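Residue numbering begins at 1 within each chain, and the chains themselves are lettered A, B and C in the order written.
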Amino acid sequence: MSPAAAAVSIKGVSKTFPGGTTALQGIDLEIGPGEFVSLIGPSGCGKSTLLRVIGDLIAPSAGETLVNGKPAQQARREREYGIVFQDAVLFDWRTVAKNIALPLELAGWSRQKRHERVARMLKLVELKGFEDHHPWQLSGGMQQRVSIARALAFDPTLLLMDEPFGALDEMTRERLNMELLRIWEASGSTIVFVTHSISEAVFLSTRVVVMSPRPGRVADVVTVDLGQPRSAETREEPRFFELVTQVRDALHAGHGAKEPA
Amino acid sequence: MSTFVEEPTPVESIPEGYLSGFYSRGRDWVPAIIVLVLALVAWQEGIRIFHIERFLLPKPTAIAQNLVDNWSQLWSSGWYTFQEALGGFIVGCSLGILSSFVIARFRILGEAFMPYAIAANAIPIIAFAPILNAWFGIGQESKMAVAAILCYFPVLINMVRGLTSVPPASIELMRSYAASETTIFRRVRLPNSLPYLFSALKVASVLAMIGAIVGEYFGGSQEQLGIIIKNSASLFMFETAWAAIVVACLLGIGFYLAVSLAEHLSMSWHPSSRGASG
Amino acid sequence: MAAIAIEQPRRSRSLSRRAALYLLVPVLFVVGYSTYRWLGIHFHWTRPFVVDDITMPSLWSIVSALFEPSRVNGPLLISVLLQAAAFTAKEAVIGFALGATIGFVLGAVLFQSRLLQRGFMPYIVASQTVPILAVAPMVVVWMKSGWQSVAVIAAYLTFFPVTINTLRGLQSADPRAVELMRSYAASQWTVLWKLRVPAALPFLFAAFKISATACVVGAIIGELPSSIQDGLGGAILNFAQYYSIEPANLWATNIIAALLGISFFLVVVVVERLVVRRAPEHVA
């Protein structure tokens, strides 16, 4: 695809931190609009760093990043993306509704419009009725749903997610995976998703980018050709297991370890 | 349970670890030294430029001169007053610590007493000084009593909080080892309370000095620093008054630093004494 | 999808049992004081201090003194004391407002610059350790302006805890929340007011609780050397002078002063309850 049409275009991005650690080396990646791309790799491979470079929260040492055809810095200033962290990072002193409204307040939306949008978001993440609750009154999974609602509040075309379900138990995780896919379909946004879990990456994505250990490079890209929409049954398809194995092999190959026979 | 004055807030006004981590290199002190020099120069010159009357605000040099001239008298008065503060500190803090043990052990006592301890901490105890003078005379004992009372409550409140705000998981762990309450107290609660204790001791050291000096304002003998300050001020002998205040400040800072040193020595394992990252 | 809100542990005691607990201390105090007094007078105790009607007036005499005139044909003691308390309270409130504002601004300014912090921190810390009240007589004689100088003393006592806690509080914001705000391209000013200041509120109120008390104390002490008659400090000096004649008056004054200090503290607690919403702690 041509760079202008790509949602995210990463060219030759490297990042070395002041202490000397090289987190990323020569990353080239194109992500098309509407794709769901997972970044997976061992600890320290730089996937979270890469996510932050896309979001212009970290400046790369070399290379160029374009979001929707604009430089990453401009994209951030123009609020082209929403971000979700592993911790919900909600403000304790705000209710659920006001937490979701935060980016809208900053963008100067009128109270009426904010109210409508927040209501729509709450419906989207199935948390209607919790508008006036405070974060500590919610479970971990619910807090993350608020975090997702906030990230989507101003309808960004790009969603950056940094191991958002990493701190949750498996059942909640699988439930939220389904929800995320539903939201993805409904909103049509592009999602870049960092995860540690191979099965999660394969289940959610259209493509899985496997990264090598530090310094992080793109070791392999696995296209996930499972049908859409995905469902609980998808996890039991033979093709699912094949893809999981393929990703696992790519991870081990990047690691240099041999898969036991 | 929601009482009106629920969790006792820890009494702590000075950030932990600020000094040790922040000033790790020698040259980190330079801005502070510059500020001091500038302040002294501004003071000295400001008096000259604005023609401030000598009896209103003396020059730093004049105060320093007075300090040197009267050093032996100021120092012995300072020491005399310091003994009041130290005595009160020891008595008040010890009683506070012992009380906290009892309250932490028998929680129900805590529910009854802590709201009153918190309220008592809000009382201007210094107003009690004249009555203590009536009880103990105007010598050292009455000032010691003021200092002791001032120290007691912050130490009690902080220690109770320190002994009781242990993560539930630690307690469960100890219970799984069939540890007795006493063992739990010794091995978990007591170490947990040390940061709170030292925080309160630092506050108490300041309060003890205040109690001693201000207690003297209500009546005391000529050897006491507070009396010197008060009398010199009312006689418009401001150089002497300021010189005495300098001595009081030195003693106060010294006392505080001594407690900080004790803290550092006994708690080198605690993250706060390894320096904050600001 | 079922809602899984977190249950708050509640220790349930019956209302009457709790009321009994809260009354325990006052009852103990009354009983203890009266018993000690009775024994002390009866057995002529001289240690640790002489016990007689002067050193330990009966609780009843203290309470009844409140409802008698303090001077011949004068107003009731309680109204004299309440007026004095109002006078001192005014000084303390003005001092508090002044000190809190300056402290907050200074804390916010220091927050912006590590260099400024390095320059001023030693003095801020040192000033906390200095017996500030030692300067009180000086300031009052100096400024010669009555209650304003007392307000200045109160402001001085407030300003340091507020400065330090403002600084700590502003720094306490979750770094990820700061990243979040950057992802919204929020300006420094917006980050300050939407994130850092709300995060700093618990710290601020901790400082206010200390300051509230300190202001009252500072106001009372400040009144001592300046022969300001109208406040509680003046009342204390006055009744201290005549203590051996009417000890109950000084004790009554102490009670009013105590109530003043406590009410300042309670106001801060109440405001904190209303303004600061945070997760409750789970501790053993």
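We adopt the following convention: contacts are C-beta pairs under 8 Å (C-beta built on N, C-alpha and C of every residue); 3 or more make two chains touch, one makes a residue touch a chain.
For clarity, every value in this text was computed on a predicted model and none was experimentally measured.
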item	value
Chain-contact steps, minimal, separating subunit B from subunit A	2
Selected pair, greater C-beta contact count between A-C and B-C	B-C
Subunit A-subunit B separation of Cα centroids, rounded to whole Å	51
Rounded Å distance between subunit B and subunit C, as computed from the means of their C-alpha atoms	16
Distance between chain centroids, defined by C-alpha means - subunit A, subunit C (Å)	50
Subunit A: positions in contact with at least two other chains	none
Footprint of subunit C on subunit A - complex, ascending	52, 55, 57, 76-79, 81-83, 85, 87, 89, 91-94, 102-103, 105-107, 126, 129-130, 133-139, 141-142, 175
Subunit C - residues contacting subunit A, complex	1, 3-6, 174, 176-177, 179-186, 190, 194-195, 198-199, 201, 276-280
Residue numbers on subunit B that touch subunit C, as the complex places them	1, 4-5, 7, 9-15, 18-19, 22-23, 28-32, 34-36, 56-57, 108, 111-113, 115-116, 118-119, 121-124, 126-128, 130-131, 133-136, 164-168, 170-171, 202, 205-206, 209-210, 213-214, 217-219, 225-226, 229-230, 233-234, 236, 238, 241-242, 245, 248-249, 252-253, 255-257, 278
Subunit B partner contacts - residues on subunit C that touch it in the complex	10-11, 13, 18, 21-22, 24-25, 48-50, 54-55, 114-123, 125-126, 128-138, 141-142, 160-161, 164-165, 167-168, 171, 206-207, 209-210, 212-213, 216-217, 220-221, 224-225, 232, 236-237, 239-240, 243-244, 247, 250-251, 253-254, 257-258, 260-262, 264-266, 269, 281-284
